[in-house]
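All chains are identified by letter, namely A, B, C and D, in their written order; residue positions are counted from 1 within each chain.
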Amino acid sequence: MEQYLRNLFLMSVLLYVLGAAASALIYFFKKPYKTSMTGSVMVNAVCIVASGLGGAASAAKILLAVNSLKLINLSSTIPFISLEMNLDNLSAYFVLALSVLVFCVSLYSIGYLSHYNGKRNIGLFNLLYTLFILAMIGVLTSANTVCFYIFWEAMSLLSYFLVVFESEKEENTKAGTVYIVMTHIATALLLIGFIIIYSYTKSFALSANTAAIPGMAKNIVFILFLIGFGTKAGIIPLHIWLPHAHPAAPSNVSALMSGIMIKTAIYGLVRFVLCYLGVQNTWWGVVILILGILSAVLGVAYTSMEHNVKRLLAFCSVENIGIILIGLGVSFIAFALHHQIIGSLALTAALLHTFNHTLFKGGLFLGAGAIQYATHTKNIEDLGGLIKTMPLTALFFLCFSLAISAIVPFNGFISEWLTYQSLFASILPGHIGLNFLAVLAAAALALTGAMAAAAFVKLFGISFLGLPRSEQAAKAQDVPATMMIGMGILAALCLGIGLFPLTMIKLLDKVVFSVGGGSISGQLRGGFLLAYYPLTISVNSISPLTFMLALGVIILLAFIVIRIVGGKYIERRYGTWDCGFEALNSRTQYSATGFSKPIKIVFRALFRPIRKTIVEGDSQYHPEAIIYSTTVTSIFEDYLYEPVYRALLRFSRRTKFRVQTGSIHNYLFYIFALVLLLMLYNRFA
Amino acid sequence: MNNIVYLLVQLLVILLVAPFVNGLIKKVKALSQKRKGASVFQMYFDLYKLVKKKTVVSNVSSWIFHVTPYIVFATAMAAALLVPVSTKILPPQIPGDFIMVVSILALGRFFLMIAALDTASTFGGMGSSREAMISALIEPSILISMFTVALISRSTSLPQIMETVQKVGIPLAHPVYIMVGLALLIIILAETCRIPVDDPATHLELTMVHEAMILEYSGRHLALLEYGAAVKQLVFMTLFVNILIPQDQLIGVIGLGALILSLLIYLLKVILLALVMGIIEVNTVKLKLFSIPNLAALSFILAFLGVLQFLILGGKHV
Amino acid sequence: MSNLAVNSNLLETLSVLILLSSFVLMASKRINSYIKTFRIQSFLIALAAGIMGLRSLISEGRWDFLVVCLLIMIFKVLYIPNMLSKTYKNVSYKVEKDFILNIPILVLLCCGLVVFSYFTLTGVDGLSQDVLNLQLVNAVSVIWIGLLFMISRKKAIGQIIGFLVIENGLYITAMYSTQEMPFIVDLGIFIDLLTFVLIMGVMTFRINEKFESIDTDQLNNLKG
Amino acid sequence: MGILLLIVPLVAVLLLLTVKQSQFRHAISVGTSSLLLILALSLNREVLLHGSVQYASCGGFFYVDALSMIVLDIVLIIGFMAAIFSLGYLEEEIKHGKLKRERLGLYYSLMYTFIFTMVLALTVKNMGLMWIAIEATSLSSAFLVGFYNDKHALEAAWKYVILCSVGIAIALLGIILLHLSSAGVLNSSSFLDWTALYTKASSLKSSVLRLAFIFILIGFGTKAGLAPMHNWLPDAHSQAPSPISALLSGVLLNTALYGIIRAAVIVDRNQGSSSFTGRLLIGIGILSIATAAVFILTQKDYKRLLAYSSIEHMGIIVVAMGLYSPLAVFGGLMHMINHSLTKSMLFFSSGNILQKYDTKQISKLKGVLKIMPVTGTVFLLGLFAIAGTPPFSVFASEFSIVVAVFNGPYKWVGVIFVLLLAAVFAGIAVTLLKIFYGEPDDKNLQVGEVNLPGTVCLVILLVGITVSGLYLPGDLKELITKAQGIILGT
């Protein structure tokens, strides 16, 4: 059985490699565009098959409860460098998420890439894309830290190239630079962490026993990992690359980046802190929890201010990472206090939200891509009325929006509910500080949910409803069928997991059991119903399916009653009420800026909005035009990163001209001084 | 069997009482303004009238506009099914807890907000935008105040919470509950679009939130939305009265008689609360929109103080 | 034996004189006196090499020191100074004007360097066998003074002379510390020195051509 | 056989000075460098078989062991690449009137003199001779640095000669002291003979030896571009013709470093530990990396930037040597190879870019990937490679060194080390990544590569550094292991 699964998995990897090779051929031989388009379709088809196989193998791995699969073990002649890949439950879970997303994204790409036709080298894109997927699989299945590090860097590098793929825009390349610099520095910290561990255990293997590491070193390593992975995950205040990089990348790549790449950081935290290092102190969890709260709240606050579809989604990723971290933090605290069940519950919540976020955020980015594909703009102030021209896209987008706002029959609610429950369960007598924090986290979660809903009402309402605000929006046409299918599958999965959460949770339970040693399946009741509460009899239950049924029945009843009472439905179509003035047009509608203004005013201390009004014309009493613009200050960039960056530049520049003066006398003096210094050193040493 | 009885009782009570409560509050307001006011049953007639009417639909709107009334009404009703009016006829398990209730209501609200944007009307956008802000601010207080009572009973399930509360004696004499009660009261007023800015009775754009969102609706759609709003209001009121003024512990017997008695007391409590709400609304001046954060903060602080009390005292409240 | 003692006394005196000549160099301002002082210093070194050569010829029958002496005479005393003065004959300036520090301080610094050399070398136990120590200190000091000279002079000629003084210092260090440096190394040093001077000649010519001066202070366009 | 390595370039220089046609000059150049490469291969075999190669016939001065073989290989491989690259490079320069055809002979003869001096430095047993050869490298390369004969080039050459000569003079003091330390231990036939010093290391006078090492470190360190003696390096590297920059950076620095290593080995053996040399080397190494990290961040000239990066990598190698653990030494040696290949690849591609855009200013470059797809790609990947990104070879060696640092006595040095490497990466990314994208300011710029043979070199080098980042050929590994054994005295 193991052998069979292993082969299945390797087959999937091999297919990706084949896809990469094929794309490389297309790239290098620069076939005419028509051929390269066919080639691209084939490469994507290969990816679809590969992801299908990979996903199936991973799911089977978890469900059939076989031992962890040793996939590949090749060592190189260079010290430490080896290719060692294992597939255990945790890896399999993340690979499953990856595969599901890749499946849909590849399907979507078939249609999406057609807009590159004749403009760009699709072969290159596909090459980077497949390699990127391979790198992520490598990250998720690496069995030693060196291998992990290499794949991690490869993943960063490839995603960097994908971010700058549309390189003619300067903002894209800048975004890429910010991204690669931040991620590389973070990776350096990871490297330090790995090597500190190595210096105690003398092994890079993930199976190494880390018990011998002294507590202080463990603390340092934890902080390094937190910053290292935190940067990739985009936790505040290390998030600033995210809102730059996601909009810059092509949408299918943003979907992968936001959907699964930033989750590799969550994988890293679980894998390295929980499994590898072992949670040692309660404060580890507390730090993560606090960062989670911060990221969730600030992330959603910035989400609600954004008017660029993809930037909005990027900030929203920050928020969701925050939610995941809240779950993770609670689980770390619980494991540190040896509450296995609570820990497992919280871990389940975090991991489920990870999976869910993969689905809906991937979907949303695909949706954003579809909008961009149809209208060539990412600015929602230029959109409107797309629901009429792009009905299916609108429907899917609505589903994703509801899911991400944690609204009931969708999967987002399930994971948030579990997070609430884990927070609730973590409030135990005796830990006032922790309890206080848990309550705060719950409040933050509530705020986050409502504000996310507000943001997505804006996003959906302004871009899909009302009147089109620009010509492109008016002329938009629905996207190719493959793109639609890609999004459709994700939407269906969102709803599916929302309605039948237990299927997913039971799968997840095996993962959590192998990671944390606790299982919550004993607490679960019902086939599709969900019930959980650890301390008393399970009476806290939710059943989205029942709710859906009830909803359906009530709607039906209401319909019937109204039909009976009110008779036949007679509808009169007429213009929207305009208070008797001129007919409404697209500019009298509420704009996205207007929509989010109340929130901006309420949180003005955070946003520090800058308003600018320019009156054009001769007299201020008879203006020809009034241009009003408002921007939100990004406090972390303006008050943290910018000053530090400038200070560094200034330091560099000054030192440069002070040291390398161009005067040979100075240079000779350095040599002279060093000679004297070292002679003195020798005298005293 | 229990399930069906429970469902029927919930449905009937909520459906019947909701418009009445609305009328009652209006009556209180009318009386306070030295008007006679409409009958307390006026809303039933209004609903009937609206259902009978033809429907005008904006030619900008899409299917969102059409499905929203049904969804809003259905979600309100679905939420109502999860908030027992009486603990005398509880099924063994209710498929949802208060988090679910909040989420269900959020579904309705989500649709209401996007429907308001669907018609390209400025009013719709305005209402939707304001509603977004208010809900964002109020949500944490709802969660925290419910969290507090849930912590006391160590369960997030509403029947469980209500049953635990019955053992407390007089909850309103208890510091934790007082805090939660005050927080909930503010929440109810804000959620039902009353103070400090909104006014369900007028269509003045300065004060419009909920009414602005449903401005484009007419006919049976409007009826559903109005009904839905009334149901939602009653859901919150039920939460309030059944948690803070439990009565079922007084009634020993289990059976039809007890049920009826319990329901009567429930009705009494609701009427009482409606009167209080009416009086509060009458006695409060309308404030500018951006005083809502203060109100929300107040409610949040109250709820948080409640939970703090609970935590500091070590959870010995049962 | 007394002959040898006289010899070593003479060598000591020469080493002090060589050191002194570098002080004189540091104190001088005129290009002419730079070259003259260098010539004298080289002559003193040649003298020392000659004495040692004679000694080693008598005691061991080695003639290589004498060859070295001859080479010094030919190159350092005659050829290089002549070439330098020829190169600088038609240069407009004759006197160096601005220094990094003024001359008295520079001379004091030179004294300091001698003390420093003494201080840093006495601790090294391999060096402090009998009289060699003082000579070695003198020799090493010459190197540092040469380096200081290079730092303090802004004209190209100053740097060339400074380097040559360093080279002189190295040479006497080698001579005094080990009387048996492999000949081939000595030869190699000479070849290098020669090429250095040649290159410098070519360079100064070209720089003079391009910059219309050989003020090395002007050579500071490449920075940062 | 091995002695031919010295004869062939000399003959080539003579031939180049006599032959007048530029085709013949090119042919001689390519022929010579390929011949040298073949000779090196055969010498490699011998070294692998016998451990070291010496010929009694030539007065015993010729000596090659695994350590020198590694550097020798680097010299000859990069030399070969530079020869090929020069073909196209020079023709292009002549085409644009930057170079007169007559000067071709001068260029090549200087280049082969340069190579000859380096080969000499690596194949002699006597430390004194080695010193002479290293000194001679600066004399022959000074003209190459100043080859363009403009103000900047001359300035750079001037500084190069002055600083390196002074440095080398200090190294001579070190050599003299080294000799002094062996007084009474070695007889006159084996004065300054490295193998003799090596075998008798423990009986040398250790305090003199330590002083000697300080001077050798400063002296050869100047040549190797270690901070704070590095100041000539950015000037010289940026002003020299690009193939020469590649030689300077990829080869010359390593040759100088080789001198330091040879000396350090003796001192370490004498002291019985590396604590003395280790502290100095690690200190200077870290200082070099830090200098590079600070200077790269606001660099405006891409060739200077690459030069600073060379300083950084010399620092890394020196740190590795200072650690003196098997892993560190292995990594350090590997890093020598990897850095040379990668850096020369970068200098070659920067040469292509310079010829296309005719500017060294970073701010004036745009759209390199579009205008020069191959060179641009190589340069881009090369930058990531040099910054230590897997899967390129620099990462592999850096990783070994980093691990060694953490296993060494100073863990905090490891933290600084890694952070500085990251800072260098950030600096390169911030300054250089923008040149690849967008549209060039000059709209007349033709899309296409200059210098076809050079571009082929680039691709070969890129493939090389990618493959060797994942897999080290067995022979090479054996060679490095042997050299490691020599250094560690095992």
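Remarks
To be clear about the criterion, a residue touches a chain if its C-beta (ideal position, glycine included) is under 8 Å from a C-beta of that chain, and two chains touch if they have at least 3 such contacts.
Quick caveat: nothing in here was measured; it's all calculated off a predicted structure.
More inter-chain C-beta contacts link the pair A-D than the other of A-D and A-C.
Rounded to whole angstrom, the centroid-to-centroid distance between chain A and chain D, based on C-alpha atoms, equals 44 Å. Taking the mean of the C-alpha atoms as each chain's centre, chain A and chain C sit 70 Å apart.
Averaged C-alpha coordinates give centres for chain C and chain D that are 31 Å from one another. Measuring from the averaged C-alpha position of chain B to that of chain C gives a distance of 100 Å.
Multi-chain contact residues, meaning those touching two or more other chains, occur in chain C at positions 123-124, 147, 150, 159, 216, 219-222, 224. Shown for chain D are the residues in touch with two or more other chains, namely 158-159, 162, 166, 170, 210-211, 234, 295, 298. Along chain B, no residue makes contact with two or more other chains.
Of all possible chain pairs, the ones that touch are A-B, A-C, A-D, C-D.
Within the complex formed with chain D, the residues of chain A that make contact are 76-81, 146, 149-150, 153-154, 157, 164, 167-168, 170, 172-174, 176-177, 180-181, 184-185, 187-188, 191-192, 195-196, 198-199, 648-649, 651-653, 655-656, 659-660, 664, 666-668, 670-671, 673-675, 678-679, 681-682, 685. Residues 121, 123-127, 140, 143, 147, 150, 156, 159, 163, 166-167, 170, 173-174, 177-178, 180-182, 184-185, 188-189, 191-192, 195-196, 199-200, 202-203, 206-207, 210-211, 216, 219-222, 224 of chain C are the ones that touch chain D when the two sit in their complex. Residue ranges on chain B touching chain A, taken from their complex, read 48, 51-64, 70-71, 73-75, 77-78, 81, 93-97, 99-100, 102-104, 106-107, 109-110, 113-114, 116-126, 128-130, 132-133, 135-140, 142-144, 147, 150-151, 154-157, 159-160, 215-216, 219-220, 223-224, 289-290, 292-293, 300, 304, 307-308, 311-312, 314-315. In the complex of the two chains, the chain A residues touching chain C come out as 656-657, 660-665, 668-669, 671-672, 675-676, 679-680, 682-683. Of all residues in chain C, only 100, 116, 119-120, 123-124, 144, 147-148, 150-152, 154, 159, 216-217, 219-224 touch chain A in the complex they form.
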